[in-house]
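Just below sit the structures, each encoded as structure tokens.
Both complexes below contain subunit A, partnered by subunit B and then by subunit C.
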Partner chain A sequence: MFSFELLFEAVVFGLLVGCFYAAISLGLSIAFGLLDVPHIAHAAFLVLAAYMTFLLGSYGLDPLVAAVLIVIPFFFFGVLVYRFYYEAFEKRGADAGVRGIAFFFGIAFLVQVFLSMKFGLDQRTVSAPYIGRSLELGDMRIPWRLIVVLCVAIALTVGLKLYLSKTFQGRAIRAVAQDAWALRIVGANPVLTKQWAFGIATAAAAIGGALLIIVSPVEPSLDRVYIGRTFCVVVLAGLGSMSGTLVAGLILGVIESLVLTMFGASWAPAVAYGLLLLVLAIRPQGLFRQ
Partner chain B sequence: MAVKITVQELHAGYGAVQVLHGISIEVRDGETLALLGTNGNGKSTLMKCLIGDVRPNLGQITLEIDGVRLDLAQLSTNQIVDFGISIVPEGRRLFPQLTVEENLQLGAYRKAARAKISENLDYCYDAFSILKEKRHQPAGSMSGGQQQMLAIARALMSSPRILLVDEPSVGLAPIMVSQAIAKIGELKERFGLTVVMAEQNFQEAMRIADRGYVLVHGEIALAAETAAELKNSDLIQQLYLGT
Partner chain C sequence: MKRGTIPFWVFAALLPAAAYGLPILGMNEYYFYISYIVLQYVVLATAWNILGGYAGYVNFGTGAFFGAGAYAALVVMLLFEAPLVVQIAVAALVGALMGLGAGLLTLRLKGIFFSIATIAVAIIIETFVLNWRFVGGATGVQIIRGPVTYGFETHTRMLFFVMSVLAVASLVIARYIETSWLGRGLQALRDAEVAAECSGVPTLRLKLIACAVSGALMAAAGAPLPLYSSFVEPHSVFSLNYSVMALSMAVIGGMARWWGPALGAVLIASSQQFAAFASPEFHLLIVGLLLIFVVIAAPGGLVGVIQWVGNWRVSRKEINRSASVVK
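Right, the complex of A and B next:
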């Protein structure tokens, strides 16, 4: 029953889906990996962005164009969320982490309720020329939508990597969780740096959300499906590494795809949590910790 | 084009614990000023007041820079750095997971330093060849002495007018202390800096200091106008030479 062709196909699809996992995890890699913010509302932000893409799509906009348009409002949304989190928790010091989890859980819940009230519980989709068609390569049919995701994932990873390593603001973002006071003595304000970075993380989530609705239909509670996967990718990567996030996404995608092919679809969702626990037990610093 | 810091009747501390009791000092343009005294007498607290890390309860800290007067007690640390004061902090406070070069690049964060970044980077690599050699390694992987050199170089990357150096000798082997102090003296000449150095190692500090203050229990116990005056004072004999 098991053939080389089947295995090959599973790996190819795993790589493509892995690109998608990487793309939706980049924002979390900044928020949780670089800023130490326990951002468990990240997946809810993805779903929110997917619905905003849907909303703009209903006016006839292509989802990729919609993604570009929602980036700026999401940036400011992220800035506001961080400011609130900072004033209410981080500024007061002790156990910001634990309270922060409760705070972001609440935000995720509010987003879900808002989406249910506004859009109902039905699944929503978008249409675009690359959705529903496939590229035929020999015997394989590769959906165009996954090729679009591949391109966006690589562009986003490279863009963020360059931003974080080549600009003053980017370097400050990578430094802020290591020693906030030391950032002050080089003339940067750590709070504003984190606020700006959280805005960027949320803007990355906006693009991830647009990819989400390009890849599959969305419903308000979809964040549950992705919260484990995104955290798995970020932890596997080693906190805060962008290229590591891409590779970790690919690893998760391929393993999930192989499990799906060999053991059936019902096992696939367990892969992310299994891998997350395994990484935490064996190599908690992740694969690519800088 | 001159800089000057005037500290008047400064009282500061941490919560209920008062550390400084009415300190008045002056930092003059182009000098190397030593803040001396044994541990726990307020040298570091005074440095922290100068860089805006500790807010004074009473008193004034005035920076005059090119004819502009600023009240440092009202400014935050990053604003003070923006006005051209830079610090080599106690404990070095590098970014351990970033590379040596990234630490240096971050040193040039303030707007006025960004234009000179490549010039300053070249100079730092010239002055500290070990940093050039290790520029792609994480800062945290270097030895204590090398990290101290990096902390000094990072402070210089911001093109400061005034360089504060807090306890450069802590945690270093004696040979490294001599090297670090000599380097500070050399860089001061090269950049035309004004240097304020808090140091408990009197002998090492006096190799480059023009004059100094001795702090005892949060007060100025001695203000000496020359290095010779310091060396010959009874207080220094008593504190450091055990007589």
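Right, the complex of A and C next:
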């Protein structure tokens, strides 16, 4: 009934799916982890990007090419959203509190309504050479699309990590997370820095969205499931750590995959949320923060 | 006695009486059917506001409490054939315990973490119900309604009356909380939790009370649902839409006063019923836009606008009076 091969296969799949979870959480890790913006709409942006990929895919574009094309519009979209948020809330001094959360909740809601008006409630998929085929390793069949996702996820994590630690702009983003006033003293504008960072977070969400539609069919209300997964990964990682995000994604992926194998698919959605509650109750600062 | 107390209690007594008496006028059954929904949202939005408006903790799990109430009522109905009053009491108890549990688990968390944790609670409870054979799992369960309670002609009219009692009860509770030491304590901890704690406000206890009361009311609102729709199914009962709606109604109506969420609920839920013929999605779009607009431009909601107009008129009057004195 319970074999070693089954366990091994579950772990391998968990690691692959975990990479995907990490990739879609990177944007939130910047927006919420570093910038402290209550970005409930991140998962909705992922689904929006997935639909944009679908739209470009219907003209025959490969999802990965589409991902590269939507990165720039999403960057500016993110800049705009942050600017709006800043002018409406952060600028007025007092912390936005309930209203800030309600604002992003409203945006997520609008995205969902817009998508269901525009595309209907049917599930949408894309086609590409690597979707639907598998790599056969002995007895195990690994879908090519998960391997593609793995590569993109690692490239994205490493890229963002290098960007945040090596470039001036990247260091400024990490600095604004710690002390906006000190950043101002050394001559960088904290608002523009945050705006730029939120743009990058949204651009990362664009790539995440393309991966989302590569991995599974999407529907407008899918963000509900991914709010839990992305926040779980970000909180587990410790806010704002890129390599921590990758590890946390892998942990979630493996646990979810094991639960799926042992108890069946109907329990899977609760895993991320259960883990999230557990982390919040026991170690709210996350695994990778001092 | 505070100004407005007597009219409030007159209104509180008249609403259920009217709900009981209206059928005599021979109105179409359909109006009771949709008014039930409107009143249900009055309860949900008012309950949401006890925690969200007064204490500043945004609950995204309205659907979880509502659904838990519906399923608690369903279980006692299936097991003991309990009457509706017992179902509501059990549902309220379950909701209060859930609120306490969720509060103990998450109230040490601030702001956004609390909100995310409430979504988590919602999804976890939904998953349990989905895997629970006794209540039908994912396919749901069909209910055979018993005979109508004595004194009512149809189930719909009886449930409409029950929901109007629940709505009045939630308004009475919200009004009490707002004007008593509870409300003042909650507002103090919303504005500055550490300062409130230092000044001797028992913040954790207050938050737990708010959580329990809010949860109990939401669950009570869900309790008559199995009888009302005679079919219960997890996806629609635990829907995130209840959370979206309760939050939007409270924010748009105004979170500062007890009648704000109720006003928002009446306006949005009744317009939703009309929009159901034309385009439900368009209605949702309007609600979303309105939510964002209010949050940015009119943080007080409709309550704030009404009070602003009132103050403006009073100050105009005073200016006129002082002007005439000067003459």
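Some points to look at:
The rule we apply is simple: the second predicted complex is superposed on the first by the 287 of 290 C-alpha atoms of A that agree within 3 Å, B and C clash if a C-alpha of one lies under 4 Å from a C-alpha of the other, contacts with A are read in each partner's own complex, and residues count from 1 in each chain.
Heads up, the rule we're going with is that a residue touches a chain if its C-beta (ideal position, glycine included) is under 8 Å from a C-beta of that chain, and two chains touch if they have at least 3 such contacts.
Everything quoted here is computed from the prediction, not taken from an experiment.
Looking at the shared chain after the overlay, A:228 reaches subunit C, while subunit B stays out of its contact range.
Of the two partner chains, subunit B is the only one touched by A:171; subunit C is not. Contact with subunit C, but none with subunit B, is seen for A:267 once the two complexes are overlaid on the shared chain. When the two complexes are superposed, the chain touching more residues of subunit A, out of subunit B and subunit C, is C. Judged by the touch definition given at the top, the superposed model places A:179 against subunit B, while subunit C stays out of reach.
Once the two complexes are laid over each other on the shared chain, residue contacts for A:187 go to subunit B alone; subunit C is not touched.
When the two structures are aligned on the shared chain, A:132 is found in touch with neither subunit B nor subunit C. In the superposition on chain A, A:120 makes contact with neither subunit B nor subunit C.
In the superposition on chain A, A:38 contacts subunit C only, with no contact to subunit B.
Put simply, subunit A touches subunit C in their complex at residues 32, 38, 40, 88-89, 97-99, 101-103, 105-107, 109-110, 113-114, 116-117, 221, 224-225, 227-228, 231, 235, 266-267, 269-270, 273-274, 276-277, 280-281, 284. Interface residues of subunit B facing subunit A in the complex, by the touch rule stated above, are 51, 53, 76-78, 81-82, 86-87, 89, 93-98, 102, 105-110, 113-114, 138, 154-155, 157-158.
Subunit C contributes residues 52-53, 56, 58, 60, 105-106, 108-109, 111-113, 115-117, 119-121, 123-124, 127-128, 130-131, 138, 240, 244, 247-248, 251, 255, 281-282, 284-285, 287-289, 291-292, 295-296, 299 to its touches with subunit A in the complex. Against subunit B, in their complex, subunit A makes its touches with residues 165, 168, 171-172, 174-175, 178-179, 181-189, 290.
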